[in-house]
Amino acid sequence: MELLERAPVELKNAFLRVLGSLGVPEGMLAILSAVLIIGTVIGVFLGLFALMSVMERKILARVQNRYGPNRAGPFGLFQPVADGIKMLTKEDLVPRAADKVVHFLAPVVMMVPALLVLAILPYGRDMVPVELESGILFFFAVGAGTEVAIFMAGWASNNKYSVLGAMRAIAQMISYEIPLVISAVTAAMIAGSLSPSVIVAAQGGFAAGFLPHWFVTTPWGFTAALLFYIGALAESNRSPFDLPEGESELVAGHLTEYSGFKYATFFMAEYIGMFAICGMFVTLFLGGWQAPLPFLTVVPSWIWFFGKVCFVAFTMVWVRATLPRLRVDHLLAFAWKFLLPMSFAAFLSAACWHYAGRGPAAWFLSLVVVGIPYLVLGLSFTSRFSVSRRTYLFSE
Amino acid sequence: MNFPGIGLLKGFVVTARNFLGSYVEKDRLTTRQYPEERPKLPENSRSFPFLVFDGEDPEAGMRCVACKICEKECPPQCIYIIQDRDAAGKPLKRPRIFDIDISVCMSCQICVEVCPFESIRMDTDYELSSFDRFGSLVLDKSKLLKSNAYYHGIHPTEASETDARIEADRKKKEAAAAAKAEAARKATAEKAAKAAHPPEETK
Amino acid sequence: MTLQILLALSAILFAFGLAAILSRSNAIMILIGIELMLGAANLNFIAFWRFSGNPSDLTGVLFAIFSIAVAAAEAAVGLAIIILVHRRIQSVEVDDASNLKG
Amino acid sequence: MNVTLDGETVVKLQPVFGYLHRNHEKIAEGNSWLAAVPYTDRLDYICPLTNNWAYTLAVETLAGLEVPERAEYIRIITAELTRLQNHVAFMGFILADMGAWGSALMYAFREREKILDLFEALTGARMMCNYMRFGGCRCDLPSGWLESAGQLVEGFPAFLDEMEALLTGNEILLARLQGVAPLTPERAINGGLSGPILRAAGVDYDIRKVDNYGLYSRFKFRVPRGRVGDCYDRFMIRVLEARESVEILKQALVGIPDGPVVNPKAKQRGFRPPAGEAYGRIEGPKGELGFYLISDGSDRPYRFRVRPPSLINLTLLEELCLGTKIADVMVILGSIDIVLGEVDR
Amino acid sequence: MICESLKTCFDDPGKFLGEWFVLLPALVLLLAAAAAVVLRNLIHATLCLTLSFIALGILFIALGAEFVGFVQLLVYVGAVAMLIVFAILLTRPERLAKSDTALSGLGPAGGALAGFVTLGVLLGFLFTSPIAKKSLPGPASAPVAEIGHALMGDYKAALIVVGVLLTAALVGAAVLAMEDKNS
């Protein structure tokens, strides 16, 4: 199994050795290895995107007790190919009064952060494309690019629905970015560094034989993970927060005037962005490529990473199948009045957990420090509408 | 115990049960793959009307006597009947033309109710899509005529009831005919008897 | 790769900012000019830190970080003022905001 | 409808309807009395059997026909089944309006299919049933129908519990529905509303209890009433009414007697009711569905008027939507639960 | 890998494409800044400004101060550009195309002239002063941990002051912009 564990890296080195022997200059080899890594990472994530676009519809269908696409290819697995061909052959309309340059640039600018963000995720034991010491900061810095792209898309379509949709999307992403950043920083604080591989290393080892040291097992980690998850949903405009293009009266939000391959690029950027933020969630809270149980470490680490990413992506589809959409003012009130204070509470409870020695006593202390604000905020938030079951009069 | 968020969790449990249930329980996954699995329609489901004929020859065995009651009663007026005339021009008890425009017909089955001769019944065939709007959507007599055996095939109970009713009518008619014949024979016999011995009083 | 090139670069950037402020009459363009000038100042800080002998003395880097933070605050307040001015006199042209009574 | 917005809030809302107007009432005046029955299916196409019943009830009051007991029982069973599938479908539709990507909708339609299969086995068509006749029903229950109906009613409370677990406690749903477009009882009565919306506003008015038409007095069931009258109450009232319908069905399926299905004396084809006028009304799933018929003794109705609950409930839409957010307009329209076939006739 | 190559190329120039590689973002920076100033359409100007922010961020990374580069990207591209864009949308200056009368009748030429004069003065001092001739010392990097310790260590007071300043500024901006609701 050791070979399988190192397989991708060994393959690359072997390939480079062959090229080296063929007399390729040293400098060129370094560039080639970088290109190889980029190629494999993008290839893997495009494959995941294709798989996800059909798996999402099948999971959604199964939740609703129907089959989902099963006509194109065995079990509908050629559906992405069919969608791709459809997208390519569809005519690419550009509204006459649209701002041609910006209209064309928007999907490109949307795609750039989605792909750049994949560079810092630790896919396996020392298999990190770019070993940055402030990887988490890089993740959020580049993530800010999607807002610019959404604005460009909304503005360039010169249609009032798309501008309205774009404004809503940006307001939502900005207001959900702060809890996202703070919950990510909580994990980084405990691990002691902003670099993802150090964070994953900090989650190694097993307590009492079988309990993995993942951050999600600690109370503050669980709350921070939940907040990060909600922020991730909002960041990638999915499920309860798919306000910009979901609302029945905003047509398709900032994507109204896009068709053909540009729309496919937006679609692809959204999915790869979703996978990237799932990867970050796994790195921060689910112990990156750490195996859940001691005897399972024989399974190669990158299988654990992609397994967990697919599981988190599955839960995102599950959330999408269950929850209705939030209204705009609830969305923002929820972010500012509930998520922000909760993320500070999680941050505080992480500190208490750390200074109380990280043992079981610390576990309960951090549980208290996180639990009280949750109950106080939650009840005050839901007390506005009488959640207690309304009593109904019955007459014979 | 309703701390905030419990409602959402309950919702997730329901969708999870449905997700797993669709693999396990049979009654949850009710989709039928249409072209492969044909739906099993209940016995008296109906689509568009058709004419019933007894025996083998459609023309001869046709029950319809062109009384045009169904044409009058049909709410959207989609039935068109012209009575057949023989060479001498005398109307026959048979329709020469019997068209039903199934693009107009709303399969409401009133023609079946009002038909006194049990000659029009509702079919169950629903794959009637066609390419040209007028040609194949107006079913003429030849397309409408279907044998009684076919009728027994699609609506067994209703067909057997109809046959029983027709049988009963025929027997009653025969009995009536027999009675009339017998009465007529008795009348002729009396007249003959009267004629045999001199008619005392003629008037 | 001498320090001169970087300082020349930031000088040009500064000149662009100044030109933007002086030549345009739209308040938002003036703000863009200010952002450029602040960017030029940050570039100088980092350049001097890079070319100073010991990189462990992080004053230049820290100064740049603080200046970015302050610049962000300043941009927020500036834009709030622009919106207020626009709401009051329905235009963002700097010349229109001439009557002191407001 | 065209909605004028000021940013997010609704300033003016003007529903535009009439696109599904099929001139139902004029056609009925041109056709015989019997020919009008299949057209009533197409009024509120989600609950055809209650439409049929309302029409035949009006004709029976006009002509003074009695209806045999078995026919009354069948009518109550089919009407309550229709109410059940309408309320279940409503639960699915309102979730789809709120963007839940159709999970609740699909569960609702899975159950509704079972009810529609029962209708198809009984009347021949899933939605265009054309089953009621003057003085009773067209044909008797096929063999095994009562058992399968009993099975369905047996499994229904479990399904309703599952739906309630998914929907009633859901915080997002509470946030979206509660406090949206409340309605005071006076406003509801002055607006002429009827059905679940009226009862959600707190008015205890159910025609099944008021008129006691069709042996309803023989069954024990309760009528739920809301207090606040907002979208959440309208939603909950329909959920509770669905449970009451299950109660009625349980009692009716057990107590159905034998006997003729249609009044033998009633003539269907050349039916000529005595001259005069009559107004028959029933408690449809959407509200008070009434038929006002004037007969001049001939075999065609002189005047055929339908009281459409959806249209009358819709008139209050603008007043409910003023000042709410754009996302609420969807939910409010959904909570009124209209069917355009009935609005435009 | 990419960041390493950026830094390695800068640390020992001869090894890779030479240190001129670092001038690529500088070039982009200059072009974007020029475009931001010259362009008529305000939205295009803002987008070029965002591009210049990105180029500046990359330049900081190339110069070794990774943390500052990412902060620059996060703060300017994420927030300030959005602020400017929102301001443009809110004030909708359709009449921008109207003659862009510059201050005191000098027109755009005046502004450009002032810019050139200052540029000349700055470059004059630059090329005469000895300190600017310093060539490149060895590789340098600003590790995040060190920045953290410095911030928490001897710059504690500054950090708190900036915190207070930021809060005051943002609350003030919100109150100012919110004025409209009740008027």
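In this document, chain identifiers A, B, C, D and E correspond to the written order of the chains, with residue numbering beginning at 1 in each.
Keep this in mind: a residue touches a chain if its C-beta (ideal position, glycine included) is under 8 Å from a C-beta of that chain, and two chains touch if they have at least 3 such contacts.
From a predicted model like this one, the values you see are computed outputs, not experimental measurements.
The chains that touch chain B as well as chain E are A. Shared contact partners of chain C and chain D are absent; no chain touches both.
On a Cα centroid basis, the chain most remote from chain B in this structure is C. No other two chains have as many C-beta pairs in contact as C-E.
Ranked by how close its mean Cα position lies to the mean of all protein Cα atoms, the top chain is A.
Taking each chain's centre as the average of its CA atoms, chain A and chain E sit 29 Å apart. Chain C has its Cα centroid 34 Å from the Cα centroid of chain A. The centroid of the Cα atoms in chain B and the matching centroid in chain D are 31 Å apart.
Mean C-alpha positions place chain A and chain D at a centre distance of 46 Å. Residue positions of chain D touching 2 or more other chains: 103, 107, 110, 166, 168-174. Residue positions of chain E touching 2 or more other chains, listed in rising order: 67, 71, 79, 86.
The set of chain B residues touching two or more other chains comprises 2, 4-5, 7-8, 11, 14-15, 18, 28, 30.
Two chains count as a pair here when they touch; such pairs are A-B, A-D, A-E, B-D, C-E.
Listing the residues of chain A that touch chain E in their complex gives 27, 30-31, 33-34, 37, 99, 101-102, 119, 129-134, 137-138, 140-145, 147-148, 151-152, 155, 163, 167, 170, 174, 177, 193-194. By the touch criterion given at the top, residues 10, 13, 19-20, 22-23, 26, 29-30, 33-34, 36-37, 42, 45-46, 49, 52-53, 56, 59-60, 63-65, 67-68, 71-72, 75-76, 79-80, 83-84, 86-88, 90-91, 93, 95-96, 100-103, 107-112, 114-116, 118-119, 122-123, 126-127, 131-137, 140-142, 146-147, 150-151, 155, 158, 162, 165-166, 169-170, 172-174, 176-177, 179-180 of chain E touch chain C in their complex.
Residues 27, 31-32, 34-39, 41, 103, 107, 110, 113, 117, 120-121, 124-125, 128, 130, 138-139, 142, 162, 165-174, 268-269 of chain D are the ones touching chain B in the complex. Chain B makes touch with chain D in their complex at residues 2, 4-8, 10-11, 13-15, 17-18, 28, 30, 41-46, 69, 73-75, 106-110, 113-114, 122, 157.
Listed in rising order, the residues of chain E touching chain A in the complex are 1-5, 15-16, 43-44, 47, 50, 57, 66-67, 70-71, 73-74, 77-79, 81-82, 85-86, 89, 143-145.
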